[in-house]
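The two complexes that follow have chain A in common; it is paired with chain B in the first and with chain C in the second.
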Partner chain A sequence: MPEIGTVRIRIPSRIRRGDVVRVRCLVIHPMEIVQRDKAGKPIEKNYHFINKVIMTYNAREVLQAETTQSMSENPFFSFAFKATEAGMLKITFLDTHGGKYEGTAEIKFS
Partner chain B sequence: MRGHFRKAVLLAAVLTAACAQTERPSTTGRPPTPWVSHAIPEAKGEVKILPDGKKVHVRYKGWTTEDFSQFRTYAYDDMRPAPPVSKAPMPPVTGDPKAGRKLFLARAKGPCTGCHLIPGDDVWPAGNVGPDLSTYGDRKLPDEYVFTQVYDSRKFFPNTTMPPWGTAGILTPEEIVHIVAFLQTLKGPVAPEKDPNRNPDTRAKPVGFGDNLDPTNNPAVVLAEGAMSLWSKKGPTGKACADCHGGGPEKSMKGVATRYPRYVTAFQRVMSIEDFLTVHAPATTGLGMLAQSDDNLHMTVLIKMQSNGMPVSVDVSSPEARAAFERGRASYFKKVGQRSHACADCHTKGAGQGAEKFLGGRLLGDAETGFTKHFPLWRTSQAAVWDMRRRMQWCMTPLGMNMLPADAVEYAELELFLTAFDNGQPMSVPGIRH
Partner chain C sequence: MRALGCLGVSAVLGAPGTALGQGNLGALQPEEKVDATLQRLFGSRPIKDGSGMIRLDMPLIAENGAVVPITIEVQSPMTPANYVRSVYIISDKNRRPMNAKFSLSPEIGAAVIGTNLRLGETTDVRAVVELNDGTLLMAKQEVKVTVGGCGG
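So, the complex of A and B:
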């Protein structure tokens, strides 16, 4: 079983300079949902879920998102950016228990 | 004269006994001794007695624990006959259509709306396995007839797919009287439909979840790739899968899964990949790989992925496989559980049969199109990898029936029967379904 935080990124197989690239990524994470007691009151605790997603390209931040428990288990993200130079795409996921999970994909022009 | 008659009777008795002998299902290809399950505790289908004396059936987390021991199952040693057709007199109570409608919709009972459409925006989602009852009252059928039809429909239609609600004890005679009173109020004309999705005949069919082999779309692909670490993990014997199966799974397992389930001579039974791993892994690497454990499921997906795109080609011609296939077919048509359903009721096409119709909001599959080529799959509604066995165990739970162990021979042979329909079709594992 892959550990929590396995990141998979998928980019188009052929990219030309200046293309708008659609990036798809999936991270294995339980994304713990809020629990309620018998009276229906939410239980106070530090729930384990991803609360920040940062995407950088050649160390420049392209996108930052704050996420909540409303997202599904093993969440899937998709976004687009314009690739004007070749380089390394990095997506970082941060969770409420201090976990930091990273995935990278290399963008080369054909 | 009398002596001749006696002889004739004796001969007839001997002949009948002989015929009964030959009609018993063949045991060719069945393990000589009862199979000992190698499944995780939740998947063993065991009955446990709680300290307070209550019997519960151990199932997966979140599933019901109700014990249905009194109803027959697929187990080959379960020789109980189907519950006999019965009829009850209509109790002398006045039917209340309002109470009847409530019972008709009650999820804890039928719900009748799972198969039958009636008018009303609160009827959601209705199915169309059974006839549309929107104007049933216009048929002017006698109450007594409708009562018996609900109580035990087999009285009129011996091959019906409708459960015998009264005989099975799911609905009491009084409750059926209320339902009858309600059905008699259903008179046309029916108001035009506002939402095409309410009526199962016009409802849009589900379109699926996109590319099932895309790791960013199907988490099961990522989980299976994680099993690569297991592939090279050394067990207590100092050996790993990789030590005997050279070249990695992509080379050594290519095309292997297309032949499963198959009759494995060493274990004298039909086995799927999952079943085989439960005994093969401990025997070689020393690592446990219990049926329905994550390790077993993910390894199975990893192995099956190596055959993706290749046609399924299970053997059903060897004597053992043929006999197993026939037993699987018999299971497929065997009426089981509290509701007296067979697999065929829901997964075979035809009038009053369920295939490609809606059971509530769920579209039922047609077994003849092939069920197994995308198993194990990712279930988006459960957020988990399910193999064919867990799917079968789940199917059987709402039918009011105890499940067999996940690695039971009965399931393996039923799976073989189902997989034979997939023969020639390309494998695509892991699938992705709701």
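So, the complex of A and C:
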């Protein structure tokens, strides 16, 4: 079992300049759901889940997401992006416990 | 179930000493009916039918509510003059209907978003799309959930 925060990013193996391509990413994370006591009242605690996803392309922010516990465990996302220049695509996941997990993919043109 | 019970007891014991702000229940999306969610997010702004422009790709029947794949594709040129600014995923019957908000920029070239949702029970799932001129569009689809995927 990979540890929390392992990020996997996949992009197509061949990209041409100007293509709109799909990037798929997955992060290993429990995405804790709200627990309830016997009376059905939610328990107050710092639930551990990813609440922000940021995608940058050569350090420019191109997409941001606010996520909740309604995302499945080990959340998966797929986004589009337009490959206009060679460089680095980075996806950062932030969680409610201050965790920061990053994955990068290098954009090269064939 | 037993594990959950234990956690419940320990949390109750810990509660008096726990300072406010230790937990983040208040920071979660509120538990509410979907009408309240729409009212809170969009106020009285009109939401138009966007089923011609928004393609929702998700299963009609989800055996496991813990992982329900969804893909939202909005037909938009994604130019700086005309693009999709945000996409909201809202599940009517989830206790906290507001699931996710994606803020897009024209640079991504296409408004396509895929993810996996947790659904508590059979529910309508809505995608509400906000264009850069402020227009709101919505498409929805019902998903039948055999085994619920969230306790929260």
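Basically, the second predicted complex is superposed on the first by the 109 of 110 C-alpha atoms of A that agree within 3 Å, B and C clash if a C-alpha of one lies under 4 Å from a C-alpha of the other, contacts with A are read in each partner's own complex, and residues count from 1 in each chain.
The rule is simple: contacts are C-beta pairs under 8 Å (C-beta built on N, C-alpha and C of every residue); 3 or more make two chains touch, one makes a residue touch a chain.
Note that the structure is predicted; figures quoted are calculated from it, not measured.
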{"item": "Combined model on chain A: chain C and chain B, fit or clash", "value": "fit"}
{"item": "Superposed arrangement, angle subtended at the Cα centre of chain A by chain B and chain C, nearest 10 degrees", "value": "80"}
{"item": "Partner chain in contact with A:Arg14 - chain B first, chain C second, else both or neither", "value": "neither"}
{"item": "Partner chain(s) touched by A:Thr6 [first = chain B, second = chain C, both, neither]", "value": "first"}
{"item": "Partner chain(s) touched by A:Glu66 [first = chain B, second = chain C, both, neither]", "value": "second"}
{"item": "Touching partner for A:Cys25 - first (chain B), second (chain C), both, neither", "value": "first"}
{"item": "Chain C versus chain B, contacts on chain A by residue", "value": "C"}
{"item": "Chain B versus chain C - smallest C-alpha distance in the overlay, whole Å", "value": "5"}
{"item": "Chain B and chain C footprints on chain A, overlapping residues", "value": "24, 72-73, 76, 78"}
{"item": "Touch list for chain B against partner chain A, complex", "value": "214-217, 219, 222-223, 225-227, 294-295, 298, 383"}
{"item": "Residues of chain C touching chain A in the complex", "value": "4-5, 7-9, 11-12, 15, 18, 22-25, 27-29, 31, 66-69, 71, 78, 89, 91, 94-96, 98-105, 107-119, 149-152"}
{"item": "Of chain A, residues touching chain B in the complex", "value": "1-3, 6, 8-10, 24-26, 28, 72-74, 76, 78"}
{"item": "Touching residues (chain side chain A, partner chain C) in the complex", "value": "20, 22, 24, 31, 33-38, 42-47, 57, 60-73, 75-82, 84, 96"}
